[in-house]
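As written, the chains take the letters A, B, C and D, and residue 1 is the first residue of each chain.
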Amino acid sequence: MPLVLPDIDWLTLAPLLVLLSTASLAALYALYNRSSKAVALLALLGLAVAAIFNLQLFVASRAGELRSSFGLRYLADQGALAFNFVILLGAALAILISYDYLKRAELEQPEYYPLMLLSASGAMVMAAAGDLIILLLGLEIMSLAVYVLSAWRQQARESAEAGMKYFLLGAFASAFLIYGIALIYGATGFFSYPQIVAGLLAEGFEQIFLATLGGIMILAGLGFKVALVPFHQWAPDVYTGAPTPVTAFMSVVVKTAAFAALLRIFAFIYPELGVLAVQSLVVLIALTLIVGNFTALVQRGIKRMLAYSAVAHAGYLALAVLAAGNLGMRAAIWYLTAYTLMNAGAFAVLTLLSDRNDHGDDLERFAGLARSRPYLAAAMTVFLLSLAGIPLLAGFVGKILVFSAAIEAGYVSLTVIAIITSVVAMVYYLRPVMYMYFREPEYEPLQTNSRSTHIAIGIAVFGTVLLGIFPGWWYSLLDLGQSLLAGL
Amino acid sequence: MLTLNHFLALGAILFAIGLYGLLSRRNLVAILMSVEILLNAILVNVVAIARFNDQAQGDVFALFIIAIAAAEVAVGLALFLNVFRLNGVATVDPLRRMKE
Amino acid sequence: MLTFVVLSVLMIVGAVGVITLKQPVHAALSLVATLLTLAVTYVTLQAHFLAAIQVIVYAGAIMVLFLFVIMLLNIQGDQPQPHFRWMQIVAYLTALLAAGAIAATAFLSPRELPNAELMSEALAGGGAAAIGEALFNDFVLAFQLVGVLLLTGIIGAVSLVQRKATQTAKDERELSGV
Amino acid sequence: MNDIVTWAALAPVLALLGSLINGLFGRRLKEPLPGIIGSVAVGAGFVLSFIAFIALLGRTEPSVSLVLWPYLNAGSFSLELGFVIDSLSVIMMMIVTGVGLLIHIYSIGYMHGDSGFSRYFAGLNLFIAAMLILVMADSFLLMFVGWEGVGVVSYLLIGFWYRERLNADAARKAFIVNRIGDVGFLLAMFLIFKTFGTLNIAEVNEAALSLVFGSAALSLIALLLLLAATGKSAQLPLQVWLPDAMAGPTPVSALIHAATMVTAGVYLIARAAPLFAQSPAAAATVAWVGALTAIIAAFVALSQKDIKKILAYSTISQLGYMFVAVGVGAYWVGIFHFFTNAFFKALLFLTAGSVIHALGGEQNIDKMGGLGKSMKITGGTALIAALAISGAPFLSGFFSKDAILSASFNSELIAGYGNYVIYAILLLTAVMTAFYMFRWYYRVFAGSERLDKETKVRLHESPSIMTVPLLILAFFSVVAGYIGLPEFAFPNWLAPWLEQSIEAPVNFVHRAVLTEWLLIGLSVLAVAVGLGLAYWVYHLKNAAPLARFNQGFLGALNRFSQSGAGFDGLYRNVFINPGEGTAGGLAAVDKEVIDRGIRAGFVSVGLLGRLLGLWQSGYVRIYALAMLAGIAILVILLAVTGVMA
């Protein structure tokens, strides 16, 4: 039997391959040179090259050139490419933050960076997946690396616990995801999205029940990764226990990838499933918005507060998923861009305030920061206000886009809940601001050499403000977002 | 007569046993083994479905699940070693330094 | 049908053993039994190649890893539970409920399997060729990604377990925040 | 940029620039310099606004739109950020920058020697910028930018002297109450977008006029906007934050909490006038909220002892008047009263500031008295302001207040006899206003001195940098009313000028000239009664008749008034007491759970904390159980619906 070669468009794979080869190179280099500086630089270089390839693809796709590989199993449409940008940005910020942090905490094993790159490449695979198996493998690559990174501070019980907890619950959630995929396969006989949709729409199809069950389980599995209530409880604990730069990475890159995957399958597969598949997401979103925001209110530690805020933001983002289709996709990408900048920025500031054992993220650390470190306080204020959705910062525009997409899709009452909870959210975001500006300093802030963190904070502030004042350009770039699967 | 649903039911029962183990065992290694039962329950389903649909795709998926299980176990046991070294016990309940 | 029933009973007994036996070593051996029965089930489904993989990778490699860890660290069984007695009951109920719900949905529309001759015809000799074709055509990307996955696992596990030899016990206590 | 009017768009930019300079480099600048930078930035803004005003004066269509940049283009949602400078916004701009400039100058003297001098001016300039954005915005979105901006700056300035815990608390209270209003604004914005498909104010107004009169969507939008307005303008039931906001520096109270920001609610309603004119139910609600607020706040002001709190309640009461005006459909009158009020209310606060400054921080009026003798300018201008706010004939407050009274008497927007009841309430409020303002004046500036010895030594008239703004404001408090004389008998310049920007069809009954004169006579009488009563009680009898007010029914009434008409207590009981805590909402959660709860440990914080502790217990197995339960519920639902189907 002659072997038919699959269609491979190497350019579509280029960003992924660059990341993978950089990760391998870095891992090999780390074997004989334990200097983390070189490895970190190599990792950043890899991200930059991947971004260049991604840009080339993006330009091509804006010109209407839709590329894919392996028979629509690996997609390079606008959605995937825009998500790639967000993932690369998030990874770059996380690496910049990590470098100083690891040095300070004496955790400079250079394997850290290859793991982060591998995780980011898993995330990119998820964003590009046009097939449930590819999606699953991307998710596993991304997750395994993050499990390990969460436990990176091997001498700290919190960190070890975070890694273990995340792993156990993550494996549990993966089991559901795999089960869901198996059920969808059982119902339709296929794994790739177009074939699944074709199977669901085929004449005489009667396994809708099995397929919907599978859909719900996939929703649960991905819902775990983005921390939708009630699959969210790992998030606060793991976010608190993991090293702060890893928390930043998790809250940004992992979330982006999971949403990218969720958006795609929700837009193409779920409408063909039973009504309940969509309705379950509505319930999860309502729960997430309420639980996330109200529990964030009673948090004392900033890191934990940001963890719950990440849960709440998952709720807003899921609103965009619900509003599937082009508008929701664009809103979600936009929101995730903004979220990446402001959340990574907030965590970056946090790394500069806590001591080398990651202790001390409580509110008192922020007291009087406006006096002792005025620029840091100003940056943190920008991030928090943006997260709260104060106008003319990126977070506000993201919320507007998501809300209007949801309203357009007819989910008015859910949007009302979202608006009300977003106002509740201002209370807890403004509390650290109050401490920074209205209190006397209680701690002497650490004076450390932290150039790369400052670069990350600078990028994040610049991006947050720029996107807030001129949101149009990035949004219009996402304009032609014609998905490869749209016509199917 | 043997139908696909027999296998799906067998898978469901195994899955439920795995769930019970995951929730009731305190020993971390036993919990990891429960996760393996979960995955094997899915494997039963997948292979039966593959036969039913008369395709090799399902077998490939099963192969991937086994590979995923292998990678997960490696990382899981490494994380377990890490915890065991710090806590000195192999149970899951002391893992609650972070809460509320 | 008889084979199926016998294998199912063995498999379920093995699985129950995993979750009830106190000593982790016993549980692990019980799991090995389940996995081997599963391999036999694959054979009855004409998936010879998968059966081989199941024995080699699962029962072989993965279980050896488990046993290795259990023996090396001399892990003891569960101690009497200080709290969460209710958890056992809840776990029992939920598991029962989940099994019931999933099985019920599965039986809502029973579907017959094609007979064995048809299957083996399609898969000609254990299915290795058919699997290979699928693997290196439609799923070649997935195949490569599995490689990446295993690489990630290796780097992760190794970097987690290796430690700096110079670190003294005193440092550890200090850093762990005790 | 060919049109000279468009240069006024630079005003907020200049203020922002001033704020940036003071905020970033302020610490390196020597003392008066940040103040001068701030004043110049605002002054330039005033000049630009004034030029724009003059330029618009001669035009047949006094409205210039200026697109700044295209903001978003999302499917059916498309928005450009832009300013609109028309007869309505230019008046607001002149007041904001003009009064703002005077208060900046005054502040140079008032804040002399404060360690946060540059920080203060950075905040003040930022406020001016945000307020200008609010009034110039051509879309609800940009207006919301300014709306939030003034809120945040106000929060920072109330807490300016953050070392005193009370101030931080007041700042937070203001912030949280305003959030409730923000919910209204945001919801209204989305509803507007859903109904009209645009957020541009002019387009919305035009579309609203073609909608069915009194349609449900319109009423809902209008009521949500009203909720927003009540939050910002401290109207019932969200008035509780404003008296506490007086914890900030007095010039801040004058600028933000009396003259400008609090009138944003009135401005919002006037801007969106067609939405209200088309839904009589919402309009009547506005009027009733205003009337009730006016009388309740006046009642509370009768017994307050803090020199600034009296003024705070009087602000709330005056804002109530404005709400009645815009509620009954007399939009230009609402703006007119805002215009006159800006002068005399700012003047009242600045004189109070001058007194507090001279007495070294004393705010209790029982420990003042007779200050007019040693502080001639302050006392004199305070008298003018008190007369003006009371509505004494021929001063500015008289004309604007009378316009409101006559409008509420004549409006056809309110069905039944409601407008007459509202008129009666306002008339009674006018009596009370005159009374409490003169109580304030006599207790502070006239009568016997009740000062401590130490304070007496320090007593002095404020420096001229503070008194000159007082004189300017006093001048305008006298003359500002003459642009809006009663229409039936005199030429009125303001009404036609403003109505070019507010096109909302509201009918008023045209009564006989004699009736109109009678109405004016009644208002004069009301002022006279209040004034005379205050003169008798506080001047002739030196507060002796008040002895009776400590017991029996009158005593209870007195205590009720002193407690702010019970609202604070009510809110505490409803929202804050831990028993009902969880149901409470944000105010409760923030105050009780966060501050008290965290200190006392999580277990004692009431239901929410305990629930959370139980759920987020740290046990992996419980988390897994919760996940499983989530999936199980969904699967069971599926099974049930599946079996049903």
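The criterion applied here is as follows: a residue touches a chain if its C-beta (ideal position, glycine included) is under 8 Å from a C-beta of that chain, and two chains touch if they have at least 3 such contacts.
Keep in mind the model is a prediction, meaning the values are calculated, not measured.
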Pair sharing more residue contacts (C-beta pairs) when A-D is set against A-B: A-D
Centroid spacing, where centroids are CA-atom means, of subunit A and subunit D in whole angstrom: 42
Whole-Å gap separating subunit A and subunit B, where each centre is the average of the chain's CA atoms: 26
Centroid distance [mean C-alpha coordinates] between subunit D and subunit B, Å: 62
Separation of mean Cα positions, subunit C and subunit A [Å, integer]: 29
Shared interface positions of subunit B, touching two or more other chains: 4, 8, 15, 18-19, 22-24, 32, 52, 55, 57, 60, 64, 68, 71-72, 75, 78-80, 82, 86, 92-93, 95-99
Multi-chain contact sites of subunit A, meaning residues that touch two or more partners: 133, 137, 140, 144, 147-148, 151, 154-155, 157-158, 163-165, 168, 172, 209, 213, 236-237
Shared-contact residues (touching 2 or more other chains) in subunit D: 602, 612, 616, 618-622, 624-625, 628-629, 631, 635, 638, 642
Pairwise touch network: line, ring, star, complete, or other: complete
Residues of subunit B defined as touching subunit D within the complex: 19, 22-24, 92-93, 95-100
Residues of subunit D defined as touching subunit B within the complex: 602, 612-613, 616-621, 624-625, 628
Touching residues (chain side subunit D, partner subunit A) in the complex: 69-77, 141, 144-145, 148-149, 152, 155-156, 159, 162-163, 167-168, 171-172, 175-176, 179-180, 182-183, 186-187, 190, 193-194, 586, 589-590, 593-594, 597-598, 602, 605, 608-609, 612, 615-616, 618, 620, 622-624, 626-627, 629-631, 634-635, 637-638, 641-642
Footprint of subunit B on subunit A - complex, ascending: 133, 136-137, 140, 144, 147-148, 151, 154-155, 157-158, 160-165, 167-168, 171-172, 174-175, 178-179, 181-183, 185-186, 189-191, 236-238, 240-241
Touch list for subunit A against partner subunit D, complex: 164-165, 168-169, 172-173, 176, 209, 212-213, 216-217, 220, 224, 230-231, 233-234, 236-237, 274-276, 280, 284, 294-295, 297-298, 300, 326-327, 330-331, 385, 390-392, 397, 400-401, 403-405, 407-408, 412, 415-416, 419-420, 422-424, 426-427, 430-431, 434, 437-440, 470-472, 475-476, 479
